[in-house]
Amino acid sequence: MHRRMIGALVALALGACGASGNEVQLLNASFDPTGDLYEEFNAAFSANYRTPDGRRVSIGMSHAGSGKQSRSVIDGLPADVVTLALENDIDQIARRSGKIPENWRTLLPANSSPYTSTIVFLVRAGNPKAIRDWNDLTRTGVSVVTPNPKTSGGARWNYLAAWAYADRRFGGDEARTAEFVGAIYRNAAKLDSGARGSTTTFSKQGTGDVLITWENEAYHLLIESSPGEFELVYPSLSIKAEPPVAVVPGNADRHNARKIAEDYLLHLYSPEGQRIIAKNYFRPNDPAAADPEDLKRFRPVEMVAIDDPLFGGWTAAQNKHFDANGLFDQIYQPAKQP
Amino acid sequence: MSSNAAQKNRQKQAIGEGPITRAILIALALAFLGVMLIAPLLVVFIEAFGRGVGVFFDSLTSPHTMSALQLTLLVAAIAVPANLVFGVAAAWAIAKFDFRGKAFLLTLIDLPFAVSPVVSGLVFVLLFGANSALGPWLDANNIKILFAVPGIVLATIFITFPFIARELIPLMQQQGSSEEEAAVSLGAGGWRTFFLVTLPNVKWGLLYGVLLCNARAMGEFGAVSVVSGHIRGQTNTLPLHIEILYHDNKAAAAFAVASLLALLALVTLAVKSILEARFAGSLAAQRRH
Amino acid sequence: MSTPAITAQPDGKPPRAKWRRRSVLPGFGLSLGYTIAYLSLIVLLPLAGLAISAASLGWNEFWAIAFDPRVSAALQLSFGAAMLAAVVNTVFGVLIAWVLVRYRFPGRRWLDAAVDLPFALPTAVAGIALATLYAPNGPFGAVLENVFGVKVGFSALGVVFALMFVGLPFVVRTVQPVLEEIDRETEEVSATLGAGRFRTVTRVILPAMFPAILTGFALSFARGVGEYGSVIFIANNLPFESEIAPLLIVIKLDEHNYAGATAIATIMLVIAFVMLFVINVLQAWSRKWFGHE
């Protein structure tokens, strides 16, 4: 009886650890909406790739909010690569743990962003609140679902896209721009910690008139839900969301996997990688590699980039908008005080 | 009606409630329990089978669910025995002996009840994180605690720390130590006394404590969420897996896995009810969890 | 097994100077030693780590975080919602305990067993179940919103409902045994002396149950203050509206703001300790004056 129990425990322990000798394990710490993308991509990569000494590679995935993943890697999550929602979360790892070189953005093609996306709206069947653009989100009685910019990378893209629209509308008047963005967030029905949580709130729990979300997340939901249940709305102006990727040499070097980790990320830029990216509703850098059917889905939309003088790159944007007592913190300060 | 009968009737009413009051009170209690406790339980099972039995069994047998189940069983298999040994030791010291500072010791044992699960997770991040005092040393020696199984086990032990001790202490206090003293004076050794005299007296209370501790260990969410790292197939426990499925827009699968844990809760309650019905005297009167 | 602590009284000190009473039973040193060692390792050492981290912040930084309006709002919500939930639970908990102890009706045993459900059901499971029930399109949420105009899911009220769920058994299970022990004769005496039923209940029974009710209330409250898993699914987590303190700790941590997370956690830890102390004092008081727990 006792011996059998110990045997079962040992088997469980081995099962939980799961590493075997002729296989290299890589760990990819990613943000929420990339689950399907990396499931397909990892399978494709593992199928053909062999290390120089002929071993197979299996990829472990960790998904959570981008900020949480950044914090976990700083605290010791042994991720060999990070594929997060925005630069700042990788910058934080570089700055606070030294496990990633500060110049990581220059180490891979296209500023280390193998795919891009943009921010769009999802509304309910028939668009009952007639939501066409950002200014419709500030109307009283419109209930908005968006994740919390403090914890979610996608939510920061949402916020900045709204900011870009308002900045153009008010001709650069910052006070009115801030008031406009604040009005959207004061219409928020729920601030989830990640983009995935917001999607659930909007779709499963019937909360909110409009979901502000990643384009890929929106398509994902359209496919999963019954036809006509939700409608996609592209705003007149959005942002070019560039989710970056980076090798974490501080972790990968510990099991001599830096080269494998680099090969893994470089494969994202390969024709096969780009095709899988487009298939999973992210915009590929190299449209020629993608299936034309997949490309047709992406509607043209004017996009502002984070390096636009309006934002001046992620460090400046993070400082001004999202750090403690930044502009975002001020949105909820006066009006909502109970 | 004679004044005598009226008097009697009034007296009868005075030590119990009239049938209408009684019916109203029972209906209120039933309604509150039905809405607050039974409805959430029903929803779990209804939603679990909402997309058909096929989806239900597919979600339960998917590799990620299986690995989450393995990890959850492993964690409980370490945490519960650890707290069992502690609970027995603490109950022996506290119930069988009188010493100063006992009340303070009891408060310390209770502490994990009152600490927020999030705080319990945070303390282990501060203790073992890469930026902590211990972090660099652990890293240099390649000891993985945070974002690995040991961290999850530690957080679970912390959260379920008082369950067994708190079930045993009042029970053993209530039973006193005269039987043990008799055994010892007849020449029985300490261990012998414990296994042959004390243990049979408290076994049902002990079993109940173990069950509750196990249910909580397998269901802990907040603390484990902070220390897990969410590596799929490796550090995802069942409750974390439920959260992932739920947020992945796979509600039916999330509820299918949730129904597994709800079933565990029901078994726990059933065993508890049976124990209480059969061995009412040998369970602690005071229950604190 | 040796018993060193017991026999170490060679110089015949007066008995009251001893820190423990003599016993013929062995195992005191081992069991207490193990208890203290394990307690220190698992609970005290990690909590001490938190205290040290908080101490390294310095008073100024600590107070700046504690009195930050958003942090205060979150703490107020956690305490306010826990308080409200504990009040509702006290009213209904006493009612349920009364019904379970005093009345016999079909299904009573089932009901009695069901009370413990929140102890055994994982909080995350409770969270998604409650969110489904009280969401605007859920069976309860739709009725509450359309008929009564009350929004429970994704509001501060959702926090209260989740805390009611996790806290209910504490009140019932603390009051129930006391109610079972109350002497029916006192009630009869009260009735014979001409007191009406209402007067007997409010003047004789409730005072006797008071310590137990207060303890149940305090336990339900203490549990509610720290609750996380069930709340985050049903609240809408808006700052200043429905953002609970444990969630704010997680948010601060994910913003790489360790100081903020540590400071809020320390405040909650101190409060937890005070709550436990109050509960233990209440129980000691109850034992002393009413002879039961």
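Should a chain be cited, it is by its letter among A, B and C, assigned in written order, with residues numbered from 1 in that chain.
Keep in mind that, in the parts below, a contact is a pair of C-beta atoms (placed from the backbone, for glycine too) under 8 Å apart; a residue touches a chain by one contact, two chains touch by 3 or more.
Note that the structure is a prediction, hence the values are computed from the model and not measured.
J.: Moving step by step between touching chains, how few steps can get you from chain A to chain C?
T.: Between chain A and chain C, the shortest chain-hopping route counts 1.
J.: Looking at A-B and B-C, which one has the bigger number of contacting C-beta pairs?
T.: Per the contact counts, B-C leads.
J.: Measuring between Cα centroids, what's the chain most distant from chain B?
T.: A
J.: Give, as an integer number of Å, the spacing between the C-alpha centres of chain C and chain A.
T.: Distance between chain centres: 38 Å.
J.: Between chain A and chain B, what is the separation of their C-alpha centroids in Å?
T.: 37
J.: Could you tell me the distance, in whole angstrom, between the mean C-alpha positions of chain B and chain C?
T.: 14
J.: Send over the residues of chain C in touch with two or more other chains.
T.: Within chain C, the residues that touch at least two other chains are 132, 250, 253.
J.: Which parts of chain B, given as residue numbers and ranges, touch two or more other chains?
T.: Chain B, residues with two or more chain partners: 125, 131, 246, 251.
J.: Any chance you could list the residues of chain A touching two or more other chains?
T.: Each of 74, 96, 204 in chain A touches at least two other chains.
J.: Using the touch definition up top, name the residues of chain B that touch chain C in the complex.
T.: 11, 13-17, 22, 25-26, 28-30, 32-33, 35-41, 43-44, 47, 85-86, 89-90, 92-94, 96-101, 103, 105-120, 122-127, 131-132, 154, 157-158, 161, 170, 177, 180-181, 184-185, 189-191, 193-194, 212, 215-216, 218-222, 226, 238-240, 242-243, 246, 251, 254-255, 258, 261-262, 264-266, 268-270, 272-273, 277, 285-289
J.: Quick one: in the complex, what on chain A touches chain C?
T.: Residues 65, 67-68, 70-71, 74, 92, 96, 148, 150-151, 188-193, 201, 204-207, 324, 329, 332-333, 336-338 of chain A touch chain C in their complex.
J.: Applying the document's contact rule, which stretches of chain B touch chain A when the two form their complex?
T.: Residue positions touching the partner: 67, 70-71, 73-74, 77, 125, 128-131, 135, 139, 142, 144, 146-147, 149, 229-235, 244, 246-249, 251.
J.: Name, in rising order, each residue of chain A that touches chain B in their complex.
T.: 9, 12-13, 15-18, 27, 32, 35, 60-64, 72, 74-78, 96-97, 194, 196-197, 199-200, 203-204, 220-221, 224, 254
J.: Using the touch definition up top, name the residues of chain C that touch chain A in the complex.
T.: Chain C residues touching chain A: 69-70, 73, 76, 131-132, 135-138, 153-154, 232, 236-241, 243, 250-251, 253-257, 260.
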